[in-house]
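You will see two complexes here that share chain A, one where it goes with chain B and one where it goes with chain C.
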Partner chain A sequence: MIEKNSISVAKDPRSPLKKFMGISGSGVFIALIIWIVLVCILSPIVNPAGNGFNVATNIISVLKQQTYIGIVACALTLVIITGNIDLSVGSMLTLTACVCASLVQYGFAAAVFGTILVGALLGLVNGILVSGLQLNSFITTLGTGSIYGSFAIIYCSGGSIVPPSLAAFEFLGKGSVGIIPMPVIILAVVVAIFAFVLMKTVFGQRLYVIGANPVAARYSGISARRDMALTYVFTGAAVGLAAVIMVANVMSAKPQAASGKEMEIIMAVVLGGTSIMGGKGTILGTVLGFAFIGFLANGSTALGLNQYLQWVIMGIILVAALSADIMKEKGVVLPWKKSK
Partner chain B sequence: MGERKTFITLDGIIKLFPGVKALDGVSFDIQEGEVHSLCGENGAGKSTLIKVMTGAHRRDSGHYLIDGNEVDFHNTQEAIALGVSCVYQELSIAPQLDVAKNLFIGNLPMNGPLVDHKTLYAKAKEILAELDMPVSPKTIAGELSVGQQQMIEIGRALTRNARLIIMDEPTSSLSEKEADTLFSIIRKLQAKNIAIVYISHKLDEVLELSDRITVIRDGKNIISMDKADCTKETLIAHMIGRSLENLYQKEPAEIGKQVLEVKNLTRKGVFQDVSFTLKAGEIVGFFGLVGAGRSEIMRAIFGVDKYQSGEVVVDGKKLRGGSPAQSIAAGIGFCTEDRKQEGLALRLSILLNMTLVKLPLLSTLGVINKQKQREAADEYMKSISIKAPSVTQLVGNLSGGNQQKVVVAKWLMINPKVLIVDEPTRGIDVGSKSEIYGLLSNLAKSGMAIIVVSSEIEEIMGICDDVVTICEGRLTGRVKITESLSRETVLAAALGVTGGMADTDNGGEVG
Partner chain C sequence: MEKKQVTALGGVNYRKLLVDNNSAVILLILLVVGVFGIDKFIKTFPSVVVQASLYGLLAVGLGLVMITGNIDLSVGYQAGLAAVVTVMVLNATGSLAIAVVAALAAGALCGVLNGFVVTQIGVSPLIATIATNYIFKGLTYAKTSTGSYSPTDNSLKDTLKALYDFKVVDGSKFMTLTVLIVAVIFILLLFVLRKTRYGNSVYITGDNVEAGEYAGIHTKRVAMITYILCGILCALAGVFMASRSGGAQYTQGDGMDVLAVSICVIGGIKMTGGKGTMVHVLMGLFIMRIITNILNLVRVEATYMDLTSGILLIAVLIIDRFTSRKKA
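Our next item is the complex of A and B:
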């Protein structure tokens, strides 16, 4: 039992490949490359009439499709690093989209900032329940998710909300600067902000400690509760921003708008190497995670794969990523790697 | 009682852990129906020995015979099957289940694929009667007192037809009355020819109960004695009798003004009326046995635990209590006893662990100055020679001694006025120990006030100016450490033996 970690380390004895694999997100990076190569080779064979799979144009369209998921996944990465989870993001996205659609009539600022504020408040509710009352985050956000989803249905009274047209607002969803669509630009900014917060700020670094060892955090004078609550507020705000882009793009909101999206969002984070046990993860990993999910859907279409088959593949990959994560944490030695 | 049959023989048991020889050739035997006590200081190897006996650890070499036959347990179930059971210090009661199910947990009487409830409750009733417990087998275990829960654990061993029951500090959480009940049960078990291995720091109990006593020190059995040949004094002498190497490098430091004052600090049921003062440049050792309340007092001073009354004053400023952040700001640093649970985030880098407390000072408007952070960490890597390829290395990959240095560096970075180090050298090798002692001595010379909490008496005698003894939540004395101070005196005070130490008038009052 004692001194499991007492082997003296003189130098890092790992091979460069193992070192690379130790970086979070490296697994999904390799999977992404393999998948793209596979699609590039196979798509002309499957569909000889087409032009093949153009990676460059597909990157833009994949990122645009993945904007909502990407923005929320970045914020959710913070929550998961502290060892918590937010299952309510899908319903929250639906509810804030409905709110956004009905705020457009009051002008650009109301639609954008009002929605972000509503999102932040919904996130605050999660934050207070989880860190203030110290409830289990899985159960709590499962519950609030159900509440937020029902609110959305009641709010829309079953139908959909179509906002009046507003050019400046619509530009956020449909416009582009040069060849780059606005949603992708906003996504890039969000990615940059969260990467900065996580890597460069005291707050961001504290989150890792809270996730890796909450007791040690407490003994170092860190108030974990406040920090954890903040991660939920950020997630709520990010959901609000995602809702704005979503509504601006399709100019309507309905109660089914984002149902089930939480699974894709959590998948993106976890595939990116963020540990569900907390204490480990990067925004770059999350970017690779949602890019992979996007390319999986996009490439499957190019190969003419059934949509449900995509979900099967995604499920298998997620379970594999999770088990790899847990086995690494627990130091499980795979049977074929056991020394005699 | 006549000639007894030997049940278990241990011969030359060796157990190695990376860097530590936890057991170094332990030999002793246990006879049927005897109460055999194991005594030794913390870290002497008692727990490892128990774990080897119960199958939780496998021995690296030596012989382990039961009824004269060599055994090699791979897990605790195999040991239980041969009659070796253990009641650990931490109870393993399932509080939601009833008493009967707790008694037969993992061993429920079955009727085909179903639990045979009738037999279960009938058998449970028998066991409870044997234990003199006036409770119904259908009582929910969580509603029982700690003492009764412990009885259930003993009962569980009986359901498995135990021939030996090992009891590890069984009275540490019992009231006096509950302890008496336990002793009478032990007598009853003995009459049924069940052997007991009894482990306790309370030497009075040991002397009252045992037929024989074996003292373990540094992983070796020093002596096995019949109770008749044994006094408390001889026991203590055997427990601590190790030679002092040139491990301690304490240089005299200039004693400055008072920096810490603790007044009548009380946390009900944990410690009472704790008062002492600490001056700049002083190293004061707090000595007491496990469970005496040493760490609890320190945790309260640091603000991790709350206290009901009393006050902590740092440099003239009274602390609110219950806030580590405030204590840190006031200038207290706390290297905790359990570095893996409380001191470090093992999965994170040396860099982040080491600079964690100082981080706000290494940043502007919450944005970390990475270069400053790196320089600060590199400086301490060098100055206290932490052996690691780089500060980006995960702390979990370091040796125990280097991990401990990271914890110390974390606190040194904020240059505290008072540094509390709880068991600073537990589980680390002799080389690192010596370095940490040298470091503490230097810090005192530079004017830091240091509290060393330790259950190793040599450590305290070696590096401290004064020693404060704690027994059952109370300070029982404070004396200056001199050549003439005997270890027996200090240990006696910590064990609460009458008389205790006379306070010398150098160091402030003791409550």
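Our next item is the complex of A and C:
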């Protein structure tokens, strides 16, 4: 057994295809390509009057639609890599959006940096509860999610907040440089930052160790608690940034703005090959994950499927993708094949 | 839990007893506050019981799943889907009995799907049930997108409504058929978990899968069955929900997953599995319903319900955290 391993380290005997499949996120990449090809072929048939499915313009519109999900998903990847979860991101996004809308009147800097700061503080609360007090992250963030959600409703007193117009602020959501919309540029910057943090910094490497083996992390002198708290603060700050773009785009905020979005965000991260058990995951995978969810909705619309059918299809594809991932990894034998 | 914890000195460790039953203490405080501090609390209590029966079914089902160490975040839309199936079959056949059976079968199917993906394939239960939730949600919305989906015939609608309104004991406010059914199911599950082989294996599965396997327990099958039972119980809740409002509504399943998880955790079911009984679920259920009722009676907005449940969730976690550290 040991010999076999040492050989495989020296020279990978697997075929290139198998090697590619071994990379986390490769499954969702293939699924993404298949889905886009399928939509390209089917959309002229379903809707002969239309111009078909233009991949280039749709990539940009999908990325623009997915901006807030993408920004938060990148930060949440760090949290999930350490083996925790944050279910409060949806409510946090709503609350920070409401705060942002009311801060616009104090100027650009207040609206942008104030919101990010508020987000970071909300994240810090999660971080203190989860890593400081070492509470179960699932239930803790479920609880803080309820609390943040109610704060948002109380803050907006039931209605919606419409900020005064502010050109510089609105540019963040509605403007574009050349053909690329501003939100997509911000998303690209955020993706680059988080990819750099995760791959090239010691902090990023520590997160993998904490997620893969908390005990080993402690013995090798890693301050897991501080790092875990930091991932929550980063997530909060990212949520704040996402809220800024969201408000700048629609110029209003209401208490239902992003309810339930946490599920979509978690799905994006997990689809990209990040293990919910921690210790494994990449930003590239997360990018593919939220792109896939975006294209799923976008392509379904092109095919003329209604929202409800989209959910059903999305659910089925998610279950299939997750199952395929697990079966690939563990070599699961299905019960009806066991007898052989 | 029943045995009194005895310290080395031979006295009863009251502190530990108190901490182990923190949900009972919270419930007691709420009852005292309600009975002595709030007007009309006793008068409105029967309605609390009737309301609790609906949420109780979801929470009991989820509780079973949680004892095995898994989770089900799709309970709300399993109920929603069952409500849609009830109305659909009622429209097609005109028979309430067939409709109920079909709804329960649909719930069982949902449970099979969840159970298969989680136990046989091994997808993380949290992620798997978020994914299946999209399927159930989509199917529910497909029929209820216009707001509600009611039986086409008015007499059928009356038949459906009669199920929820039916009183077992004439003149009694809370002995409705739903409460009776829920009570019977509750006692049955209490017995199954405590006294039967299967109940034992549920706890072992949650406590230590490996030990369970060595002891010859099919832990995967045990966990699978809890998902199926959960699906059936959710479906029953869905039938009652449809019956209460005379049709299926798209809002019915919304937010129920969080509510059910809150009920179980506040009651004392642990996320890690292997701990908690149906009594805990019942306590969690009444804590949540009584808080809602008290807030209603003092005319506080519904928003504060979410706020209180969030705070309560974290409070319960913190109490658990500091008491379990003492044990170690």
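In the analysis below, the second predicted complex is superposed on the first by the 308 of 340 C-alpha atoms of A that agree within 3 Å, B and C clash if a C-alpha of one lies under 4 Å from a C-alpha of the other, contacts with A are read in each partner's own complex, and residues count from 1 in each chain.
In this text, a residue touches a chain if its C-beta (ideal position, glycine included) is under 8 Å from a C-beta of that chain, and two chains touch if they have at least 3 such contacts.
Keep in mind it's a predicted model, so treat the numbers as computed, not measured.
Undergrad: With both complexes overlaid on chain A, does A:V287 touch chain B (first), chain C (second), both or neither?
TA: Neither partner.
Undergrad: Per the contact definition in the header, classify A:I316: touching chain B only (first), chain C only (second), both, or neither.
TA: Once the two structures are laid over each other on A, A:I316 reaches chain C alone.
Undergrad: In the overlaid three-chain picture, which partner chain does A:M246 touch, first (chain B) or second (chain C), both, or neither?
TA: In the superposition, A:M246 touches no partner, neither chain B nor chain C.
Undergrad: If you stack the two complexes on chain A, which partner ends up touching A:S150: first (chain B), second (chain C), both, or neither?
TA: second
Undergrad: Applying the touch criterion given at the start, work out whether A:L93 contacts chain B, chain C, both or neither, answering first, second, both or neither.
TA: Neither partner.
Undergrad: When the two structures are overlaid on chain A, which partner does A:L142 contact: first (chain B), second (chain C), both, or neither?
TA: second
Undergrad: After the superposition on A, what does A:V215 contact: first (chain B), second (chain C), both or neither?
TA: First partner only, chain B.
Undergrad: After superposing on the shared chain, does chain C or chain B touch more chain A residues?
TA: Per-residue touch count on chain A favours C.
Undergrad: Where on chain A do the contacts with chain B and the contacts with chain C coincide?
TA: The overlap between the chain B and chain C interfaces on chain A is empty, containing no residue.
Undergrad: Residues of chain A touching chain B in their complex?
TA: The touching residues are 1-3, 5-12, 200-203, 205-206, 208-209, 212-213, 215-223, 279-280.
Undergrad: Please output the residues of chain A touching chain C within their complex, sorted ascending.
TA: Counting only chain A, the residues touching chain C are 85, 129, 133-136, 138-140, 142-147, 149-151, 153-154, 263, 266-267, 270, 276-277, 306-316, 318-319, 322-323, 326-327, 330, 332, 334-335.
Undergrad: Show which residues of chain C lie in contact with chain A when the two form their complex.
TA: 71, 113, 117, 120-124, 126-128, 130-139, 141-142, 145, 258, 261-262, 265, 271-272, 303-304, 306-307, 309-314, 317-318, 321
Undergrad: With touch defined as at the start, can you tell me which chain B residues reach chain A in the complex?
TA: Where chain B meets chain A, its residues are 17-20, 22, 51, 56-57, 302, 304, 323-325, 327-329, 334, 336, 340-348, 352-353, 356-357, 359-360, 363, 366-368, 370, 387-389, 393, 396-400, 402-403, 410, 427.
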